[in-house]
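There are structures below to look over.
Note that subunit A is present in both complexes that follow, paired respectively with subunit B and with subunit C.
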Partner chain A sequence: MMQSPKKYLAHKGWHQTAVIALIGGIYVFGSWALNFNSVDGFIAVPKAFAWLGIYFRPTAHSMEYLPKIWQKLIQTVLLAISSTVVAAIVSIFVALLGSKVTGINSFVQTIVRGVASFFRNIPLVAWSMILLFSFKQSDFTGFLALLLMSIGYLIRAFMEIIEDEASETMLALKATGASYFQVIFQAVLPQILPSILSWILYMIENNVRDATLVGILTGTGIGFIFDIYYKSFRFDAAGMTVLAIIIVVIALETISNQIRRVIL
Partner chain B sequence: MINSEENIIQKPKTPRSPQIKLHEQSLSRTMIFIVFGSLILITGYTLTHLDTAGVHVDEAFKGLAITLNQMFLQPNAGSDGVPLLLQALASTVMLSILTTIIGAVFGFLFAVLASKNLTNAYLGAGIRVAMAIVRAIPTIIWALIFSIVCGLGTTAAVLGLSFHSIAYLTKAYSESIEGIDKSTIESLKVTGAKFWVVVFQAIWPTIVASLVSWTFIRLEINFANAIAVGAAAGAGGIGYQLFVASGMSFDFHETGFIVYLVILVTFALEFIAVKIRQIYLNR
Partner chain C sequence: MLEVKNLQKSYEKDRPALTDISFDIKPGTFVAIIGPSGAGKTTILRSLNQLIKDDDGQILLDGNDIRTANKTQLRKYRRQIGMVFQNYNLVERLTVIENVLHGRLGYKSTLAGVFGRYTQEEKEEAMSLLKKVGLEKFALKRCSELSGGQKQRVGIARSLIQHPKVILCDEPIASLDPASAQNVMELLKDLTEEYNLICIANLHQINMAKKYADQIIGIRKGRLVFDESADLLSEDILRTLYDQDITKELE
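And then the complex of A and B:
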């Protein structure tokens, strides 16, 4: 499709202007509909940070909260890890059944895709609240909420990994006359293991952050303790909690990146 | 003749077949083994020490089944009514679009300044560290922090969601920018083009498809986060209705109705994302 340069540039300019106008229009309409004042919002940012610097700064006094915060944080990380690992074990088998490469038939594939998408799109808030109703305020509630959410994400991620990486292997080994289970356990699984581990690590990081939300709603882990300090105006302790979360999340991210560098 | 020919043909030597290793030993394999091993050990430890607060798990699962049945098989709009719920849903969608736009604009600016192939090392490293810290704090905590300063409401929700979006998109965009071939940038610099000309004439067109993909991924995340912020920080919208229905009035029929609404919106967002991505990839 050859166009004269002049015509191409004119078309491009018109197109860009239209897109910018559309996005700007959505922004203005959204601000109006939500009653959000951009100027006030912009001014609030430095104000918020000034406030954080004064009240949220952990003091010598807030050191006494540290053991409790640390204990809850470790507990949260353990929950995030265990829910991800259990979710991964369930998801890998479901993904093998449901992917286009290794799946059984198109009916099962459609069902798996539908179920995964359903689990993924139910809000974490809904999971937390209905589980809280049945399982009460316990770590198990938090574990289940994270587990159900992670399963939805991991099934989709694993299916994509299998379809991207293992389709040629699958064909090649089938041609040699290897049985279905031989192909899966000797070729497909070993081949996709690094990518799967990388996704598990990502999901753990994500679950630590999500665990804060689940914790605020269900009264468990680090989210609960933050909520208590926050609502009782012990802001220095809340600041200490946030600081501890930052350190742990960044540490997890750094470790995962190091592991990824070796395995991928 | 025949005899001599037999002499010419040599018997094939039986080759000494080397031991074929099925699984090659490598650092990568050892690492995978160690990481999986430790993850499974941690999981085993956690699951055996899990506090269930004395709840009978089998009875709880029965209760859960009843709740799920009420939610998914008998949904209704409950006492709030359909118009109110739709209005709340619309405001949550608007909130997620608004914060994605803010996140995309600032995210792109910071990404340009943070990318290793564009700016000086110190500025880039500074922005990357700041963004890593912003990203480490969960969205819900940002919203709660801003709600102390601005009061509960839209402003706190917008700022809280925007902060995390900016940090997330800065990282995503700058990874796309760093993937650009060096020669593209060099060749424009050689012509004497200014910094922002390079950005908008060379970088922007090269990565626009990946920018669009990342922005729509963030829009889906922001929609989920907007629900969470509405529920846990009381910022309104469908999240707040969901929280009230499931945690205060225990109307699981209404909870189910809201969950269906949310799922519909996420499907619609995914559909739109796929369509727009196709437009940009085909250009």
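And then the complex of A and C:
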């Protein structure tokens, strides 16, 4: 039965009010049940930041750590770049096999989708811990963990790029009588290259951040050094490490944005 | 000579997209296929180079049935059939001349094609075809920098370098402004005569079909309702074809 528009909108208004009231109610009940004092909680936030500002502020003394931090940071950035590049090479071939437009058949497509989603949905921390058993605390463990995770993301992204951007040109070249490999190399790859590069750059940025976390677990790179400083109460050095990471990540983002502007 | 006999196709069971389509086209003829959206025009066109596999019937190009060809034979038939698309379907990031040369891929070994190695004659022919479609100055421009009308002319050059017997045009002017559309239609018409081609275009513009086509094929709900020379297209026929009066289109 058709509702009148007025009635429909009024109904929708009530609906929204009810949802907001429900969320508020859950919050109040939760606070009461957990004995949580909202006001104190909010006041504590600035205090916490003030504490961070005092203890984590790098001092003149912490400049001494800089060469060591710098060395580990380079190591971490290289780890992120190498794992992403290897992942990209693997992913592009797998994505070609698995995408709906270039794929072999629906069986292979399902397998590829499954594998990609499996690699993607196991958290990075879990990957690192699992791989630690086989590869011990080394850079290679971190490399593998980042590689598997990146492969999971990139296969999925590349397949979608192929399906969105290459299907029309592919059809045109198929119609000229071109063979499968000719179509892939002459139409699909040139067409998707900018989007692919853009994703690789994004993945490198992301992997620099993730490599820090992985480093804490695998005892390598910048993550490890941060962990040492933190656990030995050298908070100023730990703060210095965080600052260095932030600067490098921002620098990488700026560079890759420049590259994107040129290639797109 | 292109002969289509009793072509059948259904995408879903018991819902035929094409029913018993038959027509003949002689070389040097410009044919327009008209009919409402969803009537089956694109399905017919794409069956002709087997981008869509039809269910039954015959498609004879100079007496050989394309439908029963194996993979290698099909490649050989496809290179004799050029195709022009509504959205041009060029590789936008590559240059104009590279896109034209793509039309030669069907004649090349897989490896030469993969690496884009073309002979001197092929490159020269590509340039002379670009001259023919009025784009010789754009040879080294990226396709993404061209206008719609220019892109469509690149698409036409790409199909011509195939040395085709047939050119299939799927809504060639639907994305173009009126001036470019006129331009592209005139070009197709001239090329049909010059190379003695069979040129088949799906069109929504009835006035264009009437003006440029030699032969008009009318499709309604997957059935052929008209297949005559263009000047025999009447208001009555358009009324049956589109289920309403659209006489002003004929003016």
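Note that in this section the second predicted complex is superposed on the first by the 235 of 264 C-alpha atoms of A that agree within 3 Å, B and C clash if a C-alpha of one lies under 4 Å from a C-alpha of the other, contacts with A are read in each partner's own complex, and residues count from 1 in each chain.
Keep in mind that, in the parts below, a contact is a pair of C-beta atoms (placed from the backbone, for glycine too) under 8 Å apart; a residue touches a chain by one contact, two chains touch by 3 or more.
Here the structure is a predicted model, which is why all the values come from computation and not from measurement.
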{"item": "Partner chain(s) touched by A:174 [first = subunit B, second = subunit C, both, neither]", "value": "second"}
{"item": "Contacts of A:122 with subunit B and subunit C, given as first, second, both or neither", "value": "first"}
{"item": "Touched partner set for A:60, first subunit B, second subunit C, both or neither", "value": "neither"}
{"item": "Touching partner for A:182 - first (subunit B), second (subunit C), both, neither", "value": "second"}
{"item": "First (subunit B), second (subunit C), both or neither touched by A:216", "value": "first"}
{"item": "Contacts of A:193 with subunit B and subunit C, given as first, second, both or neither", "value": "both"}
{"item": "Greater residue coverage of subunit A in the superposed arrangement, subunit B or subunit C", "value": "B"}
{"item": "Touched partner set for A:39, first subunit B, second subunit C, both or neither", "value": "neither"}
{"item": "Shared subunit A surface residues [contacts with subunit B and with subunit C]", "value": "190, 193-194"}
{"item": "Footprint of subunit A on subunit B - complex, ascending", "value": "23, 27-28, 31-32, 35-36, 39-40, 42-43, 45-47, 50-53, 55, 57, 60-61, 63-64, 67-68, 71, 90-91, 94-95, 97-98, 101, 132-133, 135-141, 144-146, 148-150, 154-155, 158-159, 224, 227-228, 231-232, 239, 242-243, 246-247, 250, 252, 255, 258-259, 262-263, 266-267"}
{"item": "Residues of subunit C defined as touching subunit A within the complex", "value": "49, 51, 74-79, 81-83, 85, 87, 89-94, 102-103, 105-108, 110, 113-116, 155, 158-159, 162, 168"}
{"item": "Residues of subunit A that touch subunit B when the two form their complex", "value": "23, 26-27, 30-31, 33-37, 40-41, 44-45, 47-48, 51-52, 56, 78-79, 81-82, 85-86, 117-118, 121-126, 129-140, 143, 190, 193-194, 197, 200, 209-210, 212-213, 216-217, 223, 226, 230, 235, 242, 245-246, 249-250, 253, 259, 262-263"}
{"item": "Subunit C partner contacts - residues on subunit A that touch it in the complex", "value": "168-169, 171-179, 181-182, 184-187, 190-191, 193-194"}
